[in-house]
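First chain written, first letter: the chains are A, B and C, and each begins at residue 1.
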Amino acid sequence: MQVLIDNADILFRAFGLTLLLVVVVSILSLVFGTVLAAMRVGPIGVLNKAGALYVTIFRNNPLLVLLLLVVFGLPKLGVQMSYFNMNVLALTLYTSPFVCEALRAGVNSIPIGQAEAARSIGLTFSQSMTAVVLPQSFRAVVPPLASVLIAMVKNTSLVSIFGLLDATARMKGLLNDHPSQLWWIFGGIALGYVIIVEAISLGAALLERRWRVA
Amino acid sequence: MFIRRLRWAAIAATAVLAVSACGSAGESDDNPVDNKVDDSAASKFEDGTAMKAIAEAGKVKIGVKYDQPGLGFKTAGQDQPTGFDVEMAKLVAAKLGIKADDIQWVETISDNREPFLQKGTVDFVFASYSITDDRRKVVGQAGPYFLTGQQLLVKKGSDIKSVDDIKGKEVCSVTGSTSLAQVEAKGAKVRGFETYSQCRDQVLDGAIDSMTTDGSILLGYAAQNPDELEVVGDPFSEERIGMGYAKDKPELCQFLTDTIQEAMDNGDWAKAFEATLGKSGAETPEPPKMDACA
Amino acid sequence: MASSVLFDAPGPRTRARHRLYTAISSVILAAIAGLVIWQLWRKDQFAYTYWEPFVTPDIVELLVKGLGKTLLAAVVAIAGALVWGVVFGVAKLSEHRVLRWPAWTVVEFFRAVPLLMLIISTWFFIGPEPGPHAYWALVIGLVLYNGAVFAEIFRAGINAVDRGQSEAAYALGMRKTMVMRLILIPQAIKIMLPAFISQTIVALKDTSLGYAILAPGLTYEGKIIFGTFRNTIQTALVIAAIYILVNLLLSWLATKAQRRFAGEHKLDIVGGVVQSQPAGGAAGARGL
């Protein structure tokens, strides 16, 4: 127990870094994921295939390998970025295809009758989207997006291997110095992650309820 | 569609296998210091001592590092490790009548040196093993056979010259290590990675300003790249590198101390240094004065 | 589905516009690819020394052995996770609160904790040595995490079987265990199969985390290789290619399994499975 109290300020800062990573990567991958989704459902063939290729490559690869390429590879190519930026880049590149698939799954789960009805009363493409499809898809998209986000929170732990001192990195240090306190250290850090994850789950549940359709 | 993909995969695989006969990366030379193996060693020891037991068995298990060039280093594709610690180990084995090729090398990492000695997984440890009172409570440590301390490795021409220059700069080491904690306390921005060689790569690529750990390890890296890397700054901690042995075999202490003392006196110690860490361009230091066995 | 209905068949003006967009996009994509390749070339990354290790028989052998150990770890972990998952899945469905709540807590806990953390802590607990200890730390961590996910899949699968089935079974007088054994589980298995296979793919990707604890495997061998030859980019690309190939194969298996065992019941799992859908799932297989 004492270990946790003594190192409380370091641990809080470490979790602060984790939260910062989560926020930045969420925003970036939501944007990029939406772009990818648009590429995949749009009418332009080249973009369809490019998007599908991207998703296939980046979903079938472990995040670790991607981080290796970005954090160790970019400097070799002469690209100088801070470690924070490089890790964010790798995490975003990895999470975006999952966001894209979550969005597509959500949009595709809306009964096709809705879109057909919208078209049949004469709404244009953008009108159908904004008035009929998208509002319903917000609700459908929340569960898969929440699980992608939760997976991403856990994935941030990998930055500990690539330079950043997040909660997992600090845990390694503490385990090295105080091996007898293993359970306390594990429990304390696990608690931090559980709190973050459950907060996201709760948020998702609240959103689902707010947007409940009849 | 898939069959087409499968066919390409098969062609690619065959191509790779066909070309596989070609490359020869990773081969190197193994025994820089010539150890005269004493074949009659077994008879020179008293009955009942651990030395006699090992000499008669004709086999010895020695724990070394595999990831510290110049000290204990084994690359992909090599059979035997190389380095200063390894050379010291070979000297000891030779005194026991065991040839370098017959040594059973075991990879040790920092956390398992004590358990390995206590369980008998290894007979000796020569793995950047600092002598501390805490460790002496659970294992035996003889030596030191090398003195070092935490230092900095930088690209040649860097403006970091000593530990005072690292405030606010990024410094690399292994996640969770004491070296990392030490420089963090001195105000540097620390970046933790999996292995020292990853840190070294980043220094070489210019991605980070410097890396820190024991000077002995850094010298090994500088020895691999003497034109681009250098070790700077006075050591800002002290490490006395010693030999580990099982605490329940105290006779090993005198044996180890005598063997290495002899190497220090007859120049083998210096030769080992020049062949390994000395390649960094660092001067061969004076051999340290070893502790007396309790 | 919804997306395909939303626009009419394109007329000539739209087609011309689309051709323009296609041209612009192709140029942009080609430029990006070209930039990457050019930069690699400039920094000498195509040099033979960097690629030579991958045609050296010794090194290739190391990689193959590493792949073998990775696959083995994944298989063992999945087997263990199945057992764990079934136990906790059944417990979560239990009518006895005494069983349900602890099961729920355990499952939620292991799904919220990062796998890397689990693996590192387990490794320190067993005794941080490379080799077998690290291997088992990796496997145990994988079992705990994937077991929790399987528990969820199991529970959702059982719940996805038509209510009518269990109602009819109870109406016939069967007791709970019999209903589970004879009616629900056999039907649930068909529903759960694709999800199980996709989770296997996730488990395979997660074995890469052995890198952090010196566990034998593909990424471990990769670390040794680029530690020696300083060819990080090349090694990472080769390992990436291997992972993609293996995972595509598994995805293909998953698609076949999904088609054969009929897709009337789609498993709607909240939290944990979406990100593990195989690239070869319904949408992805058509796309590439």
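Basically, a contact is a pair of C-beta atoms (placed from the backbone, for glycine too) under 8 Å apart; a residue touches a chain by one contact, two chains touch by 3 or more.
All figures in this text were calculated on a predicted structure; none of them were measured in a lab.
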item: Central chain (distance from its CA mean to the mean of all protein CA atoms); value: C
item: Pair exhibiting more inter-chain C-beta contacts, A-C or A-B; value: A-C
item: Interchain centroid distance [CA atoms averaged], chain A/chain B, Å; value: 41
item: Gap in Å, rounded to a whole number, between the CA centres of chain C and chain A; value: 16
item: Junction residues of chain C, two or more chains touched; value: 211-212, 232, 248, 288
item: Multi-chain contact sites of chain B, meaning residues that touch two or more partners; value: 111, 194, 198, 201
item: Residues of chain A whose C-beta touches two or more other chains; value: 72, 76, 160-161, 172, 175
item: Residues of chain A defined as touching chain C within the complex; value: 40-41, 43-50, 52-53, 55-57, 59-66, 68-69, 72-73, 76-78, 98, 101-102, 104-105, 107-108, 110, 112, 114-116, 118-119, 125, 128-129, 133, 143-144, 146-148, 150-151, 153-158, 160-161, 168, 171-172, 175, 179, 182, 185-186, 189-190, 193-194, 197-198, 201
item: Contact footprint of chain A on chain B as seen in their complex; value: 111, 170, 172, 175-178, 180-181, 190-194, 198, 201-202, 205-207
item: Chain A contact footprint on chain C (complex, rising order); value: 1-3, 5-7, 10, 18, 21-22, 25-26, 29, 39-40, 42-43, 45, 108-109, 111-117, 120-121, 124-125, 201, 205-206, 208-209, 211-212, 219, 222, 226, 232-233, 235-237, 239-240, 243-244, 247-248, 251, 270-275, 277, 279, 283-284, 287-288
item: Chain B contact footprint on chain A (complex, rising order); value: 72, 75-76, 80, 83, 160-165, 169, 172-177
item: Chain C-touching residues of chain B, taken from the complex the two chains share; value: 1-2, 5, 9, 16, 19-26, 67, 75-77, 107, 109, 111-112, 115-116, 194-195, 197-198, 201, 204
